[in-house]
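After this come two complexes, each holding subunit A, first together with subunit B and then together with subunit C.
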Partner chain A sequence: MTGPLLVAEALVRRYPVGRGGLFTPAARVAAVDGVDFTVEPGVSLGIVGESGSGKSTLARLAMALERPDAGRILFRGEDLNALSASDLRRRRRHFQMVFQDPYGSLDPRLTVERIVAEPLTVAEPGFDRRARRERVLAILEAVGLPTAALHRYPHEFSGGQRQRVAIARALITEPALVVADEPVSALDVSVQAQVLNLLMDLKERRGLTYLFISHDLAVVEHVADRVMVMLRGRVVESGPAAVLFARPVHPYTRALVDALPDFDADPADHAAGAFRLGEPGAAEAGACPLADRCPRAKARCRAEMPMLRALADDRHVACFEPLG
Partner chain B sequence: MSAPLLDVRNLSVTLPFPSGPARVVRDLSFSLQAGERLGIVGESGSGKSMTALALIGLLPAIARTHGEIRFEGRDLVALPEPERAGLRGARIAMVFQEPMTSLNPVHRIGDQVAEPLLIHGRADRATARAEALRLLDRVGIPRARERLDAYPHELSGGQRQRVMIAMALACRPALLVADEPTSALDVTVQAGLIALLKELSVELGMALVIISHDLAVIGAIAERSLVMYGGAAMEEGASRAMFRAAIHPYTRGLVGASPGRHAVRGARLAAIPGTVPSPDRLPPGCPFHGRCARGTDLCRDMPPPFVGGPASRAACHHPERAP
Partner chain C sequence: MGFAWYRHPGLVVGGAIALALMAIAALGFVWTPFDPTRLALPDRLQGPSALHWLGTDHLGRDTVARLMVGAGNSLKVGLLSVALGLVAGTALGTWAASRNGSLLDEAVMRTNDFVLAFPAVLTAVMMVHLIGPGAANAILAIAVFNVPVFARLARSAALQVRSRDFVLAARAAGLTETRIAIAHILPNMAGLLVVQATIQFAIAILAEAGLSYLGLGTQPPAPSWGRMLYEARTYMQTQPWLAIFPGAAIALTVLGFNLLGDGLRDLVDPRARRART
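And then the complex of A and B:
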C-alpha cells in the first residue's frame, strides 16, 4: 500500500453557540477551522492542544463520527463522507478509536468478551462463536489481560486494565489506524506508563499507525513521530516531534514546552527563562488565535490571521513574529 | 532551629470501608517551618487529599483521626470545633482543585473575597471591599475594580483559581494548603498560577503545603517534598535531589514512569507493575509491597520505619541507597 493513510483537507466544523433569536440563527463558532494534515503509514501523528483547541472534534472528524461543514477526510484515498452508510460501516474495521474514559466508553452490562468482540461482529458477521472467541483470546493476550477476563464485567477491573480492554476492542478488527483521544489522561502515573508502553509495543508488533491526541506534551512527545499543535481550532505549528519540542518556533508551542518544567531542572533557573503567556481573553475574528495572550503580538497579529508556511526543517508554522 | 509552624506526629485517619474500617492515612509525620514550601506527591488513594483535609479540619464526620497536628503550638486534633473554625480561613487557608465548585455561583466575587475578613471580624464592610480589590489586583485579575461585581461564571478557569487564592490570602494565613490547585487548568495557565503561589509565599512569608500527583508541579514550587503511597510516607527530602537519586523504590518508580525530557523519546518507560491498591486491601507492612521489585516477606509483614537525617528520610527495608 502506497500513499498516505489519512488525509485531512481544509476541515471545518462549526457548532452553534447559544440559541439565537426567533428569526436569527444561533451564532456558530468553528471548533475546527481549516485544518490540513497527512498521516503516512507507520508514522504516528500527535495532536497537542489545550481545552477548546478543537483536538477532540478533529478526532471525531477523522473517525467519520461527525461530518465536517467543509473540507474532506480521506482514508486510503477515499472520502469517508462520500461513502454510503453501509460502505462506511465496512471501512470502519480499518480505523478504530480509543477514548479517554475507560469507564464511560465500555458498556457496563456486557462481558469483556462481548465488548471486545462487538466490532468484529459488525465487520465479519459470518464468524462463528468458537472462531470469534479465539480471536478475542488472542487479542486479550496481546494487550496483557488474562483469559479469565473474558467473562468479567468492566467494573471488576482497575482503570488501567479497563483501558487495556478498550485497546483490545479497538484492535480486534486489525485496523491500520488507531485514533487515541487522551488514552492515558485518566490514569495514575505508574499505570499510565504501562499503557503507553503497551501502545508502543503494539505499534511495533502490529505495524499500527496512531493519531494520538493529548493535552499532555510529555506524553505526545514520547509516543508520536510527528506533532501538530492546535489552538482555537487552528494548527499553529507542526513538524517532527524531535525538532518541534527542542526548538519551538511558534510562541504558543514555546509556552507549552516552558510551562512543563522537568522535575530535574532548577525551578529558579527555569522560571527566569520561561516564556509566559497572558491569561486567555476573547478570541478576535480575523486575528492570530494567540494575539490576546502573546507578548510578541504586534498590530498585524491583531488584524490578520497568519497562515501556515513551510520552514526549512520539515516544519510548518503560522506566525508573523516567530521565535528565532 | 525555632519550633516548627506545623508539626504532624503519627497522624492516622480511618474511614469505614465495606470490609470494615481502614486507614487512609497511616502514621504520618512531617513538619514545616514558617514560610517553607512542602510538596506532597502521590497517586490516587495515596492519602494526600485526606492529609490536606485533616490539616484544615474538614475531614468527613465519619473519619476517625489519631495522632497530633501541632500548629502554632496547639494540637488541632484535640481542639474543639469552634476554636478550629476560628483558625480556618484565618491562620490556615486552603485552595481546592475545582474553583467552580468552591466559589459560590450566586455571589459576586468581590463579596466572596471580602467574606473571610468579615467572618473573622478583621474589617468593616468598606475596608473589606477595599482589601478585596487590592487582593484581586495582587493575584493578577485584570481590571480588578470592574471584576469586583462579576460572578464566578464570568471568569475563566484560571481567573477563578486566582480569585480562590485571593480569598485564601484575605486574612494573611501563616499556612496555605493547596490541593491540586492547577490540575484542572491548561498547562499555559497552570504555569502562571505556580509562579503566583511561589511569589506570594515568599512575599508574605507564608508557608505552603502543595499537594499534587504531578512531580513537575511539585518540583517547580516546593523546595522539599514528601512522597506518599497507600496512606503512608515513603520518602521525604529536597525535591530536586530526591527526584534525581531517590532512596525509596517507589519514588524511583514514579520518576521512571513519567515521560518527560529525561526519558528517551519512543523508549519504553520504566512502568511500575500492578495497580494502586484500595486502602482496605493493603498488607500490614509496606503498602508498596506487591508492586515492588525489591519486596520481601519482611516488607509484607513489618511496616518499615521512616528513618534518615534532616536532609532526607525514607520508609524502606531495602532502600536503593543509604538515606
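And then the complex of A and C:
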C-alpha cells in the first residue's frame, strides 16, 4: 500500500448556536476551521487540545460520521463523503473508532459477543456463527479478556475492561486505521496505563495506525509519532512528536508542555520557569486564537490570523511571535 | 440480589389481579357454568344463589358466565387496540425522532397534539359514530387515540437513545439506519413502552366498557361488561347486584392494570432502580 492512509483537506465544520429567527438562519460557530493533515501508514498522529478545541468533531469528520461544511476527507485517496451510502458502509471495516466513554459506547442490552461481532456482521455477512465466534474469541484474547466474557453484559465489567471490549470491537475487522477519541480519559489513572500499553502493544503486533485524540499531552507522547496541536478549531503547531515535545515553538504548545510534571526537576524551579498563559477572554474574529491570553501577543496578533507555515525541522507553526 | 416483592405491593397486587383476570378469561373460552346467551325467562332477575352464584339478569342469563365471557371480550379489545396503537405509534415516533427538527417531525407531532387534545373516550365515540358500531370498529377507535400517546413517548425515548454513543458506534461499524433502529434503539426503549402499554390497557378497557354501554361497542347478544351495566340500569333500585358485579369487574381490572403499570414504571425508571441497589 502506497500513498497516505488518511488525508484531511481544509476541513470546516460549523455548528449553529441558538435557534435563529424565521427568516434569519441561526448564527454558526466553527468547531473545526480549515484543518489539514495527513496520516501516513504506520505513522500514528496525535491530536492535542483543550476541551472545545474541535478535537472530537475532527474525529467524527475523520470517521465520516459527520459531513464537513467545506473540505474533504480522503481515505486511501477516496473522498469518503463523495461515496454512496452503501459504498461508505463497505469501506468502514478499514477504519474503526474507539470512543471516549466505555459506559456509553457499548449497548447495555447486548452481550460482549454481539457487541464485538457487530462490525464483522457488516464486513463479512457470510460468516457462520461458529466462525464468527472463533474470531471474537481470538480478538478477546488479544485484548486480554477471558473467554468467559463472551456471554456477559457490559455492566458486569469495570471501565478498563469495557474499554478493552470497545478496542476488541474496533479491531475485529482488522482495520488499517483506528481513530481513538480520548480512549483513556474516562478511566481511573491506574487503569489508563494498562489500556495505553495495550494500544501500543496492538499497534506493534497488528501494524495499526492511530489517529489518537487527547487533551493529555503525556498520553499522546506515548502513542503518537507525529503530533498536531489544536486551539479553537485551528491547528497551531504540528510536527514529529519528539521534536515538538523537546522544543515547542508555539506559545500554546509550550504552555502545555510546561504544564506536564517533571519528576527530575525541583518542583519550585519547574514552576518558576514554566511558561504560562493568561486567563482566556473572548475569541475575536480575525485574530490569533491565542491573542487574548498569550504573554507574547503584539498588536499584529490581535489584528491578523497567523497562517500555518513550515519550519526547517519538518514542522509547522501558526504564530507571528514563535519561541526561539 | 433477589427481587424484594414486599417493596412493590402495587406491582404484586396489580400483577395478581391481571393474572387472575387472564385465567378467568381463558377459562371462559372453554367452560362457563351456563351458556352465557341462553335465555331462561322463568329464572330471570334472581339474586345470588348456590345455582347462580352472582344471580341472573332480566333475561335469566347467568351473570357469572356473562362476566367470564365478558372478561375475554375486554381483554381482546384491550390487547388488540393497545397493540395497534403501540406498533403504529412507535413506528411514527421513532421515525419522527430520526428526522428530529424537520418539517416531517413537526407535522407528525402537531397532528399528535391535535388528537391528544380531545378526551380519549369522546374521540372513540365520535370515531365509532363515523365508521359504525361494532367490536372491530371499537378496537380501531380506541387504537386511534393510543397512537399519539405511544408516538410521543417513542419519539422522546428514541431521541434519548439516539444521543448515546453506542448508536454512533453502530454507525461507525457500518450498520444501516434501519438496522440500528431495530437492533439498538427499539430494545433500549422497550421497557418504557411496556409500562405505557400496561397503563393504556386499563384505559382501553374502560373505553370499551363505555362504548358498549352506549351501544357502540360489542353488540348483543355477545356479553360485555359495559353492555351488562347498561342493561342493569333499569333494575338499579330493585336488583342492584346486576350493576354492582360488572361495575366491580371493570373497576378491579382498571385498578389492577394501573397498579401493574405504576409498579413496572418504578422498576424500569433507572433513578428508582439506583436508589434501591
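Definition applied: the second predicted complex is superposed on the first by the 322 of 324 C-alpha atoms of A that agree within 3 Å, B and C clash if a C-alpha of one lies under 4 Å from a C-alpha of the other, contacts with A are read in each partner's own complex, and residues count from 1 in each chain.
To be clear about the criterion, contacts are C-beta pairs under 8 Å (C-beta built on N, C-alpha and C of every residue); 3 or more make two chains touch, one makes a residue touch a chain.
Since the model is a prediction, treat every value here as computed from it, not as a measurement.
S.K.: Judging by the criteria at the top, classify the pair subunit B and subunit C on subunit A as clash or fit.
M.R.: Superposition check on subunit A shows subunit B and subunit C fit without a clash.
S.K.: In the overlay, answer first, second, both or neither for which of subunit B and subunit C A:169 touches.
M.R.: second
S.K.: Classify the contacts of A:105 with the two partner chains as first (subunit B alone), second (subunit C alone), both, or neither.
M.R.: second
S.K.: With subunit A's C-alpha centre as vertex, what's the angle to subunit B and subunit C, nearest 10 degrees?
M.R.: Vertex subunit A, arms to subunit B and subunit C: 80 degrees.
S.K.: More residues of subunit A are touched by which chain, subunit B or subunit C?
M.R.: When the residues of subunit A touched by each partner are counted, B comes out ahead.
S.K.: Is A:323 in contact with subunit B, with subunit C, with both, or with neither (first, second, both, neither)?
M.R.: A:323: touches no partner chain.
S.K.: Have a look at where A:97 lands relative to subunit B and subunit C in the superposition and call it first, second, both or neither.
M.R.: A:97 sits against subunit C, while subunit B stays out of touch.
S.K.: Now for A:161: first (subunit B), second (subunit C), both, or neither, which partner does it touch?
M.R.: Touch partner of A:161: subunit B, not subunit C.
S.K.: So in the superposed three-chain picture, is A:308 touching just subunit B, just subunit C, both, or none of them (first/second/both/neither)?
M.R.: In the superposed model, A:308 contacts neither subunit B nor subunit C.
S.K.: According to the stated criteria, A:89 is in contact with first (subunit B), second (subunit C), both, or neither; which is it?
M.R.: Second partner only, subunit C.
S.K.: Using only CA atoms and the superposition described at the top, report the least gap between subunit B and subunit C in Å.
M.R.: Comparing every C-alpha of subunit B with every C-alpha of subunit C, the smallest gap is 7 Å.
S.K.: Any idea which subunit C residues touch subunit A in the complex?
M.R.: 164-166, 168-176, 184, 187-188
S.K.: Considering only the defined contacts, which subunit B positions touch subunit A in the complex?
M.R.: Spelled out, the residues of subunit B in touch with subunit A are 43-44, 140, 142, 156, 158-159, 186-192, 195, 198, 213, 215-216, 218-221, 239-240, 243-244, 253-263, 265-266, 268-273, 275-276, 291.
S.K.: Quick check on the complex: what are the subunit A residues that touch subunit C?
M.R.: On the subunit A side, the touching residues are 60, 63, 65, 89-90, 92-93, 96-97, 99-101, 104-109, 118-119, 122-123, 166, 169.
S.K.: Touching subunit B in the complex: which residues of subunit A?
M.R.: Listed in rising order, the residues of subunit A that touch subunit B are 50-51, 158-161, 188-194, 196-197, 200-201, 215, 217-219, 221-223, 241-242, 252, 255-256, 258-267, 270-271, 274, 276-277, 279-280, 293.
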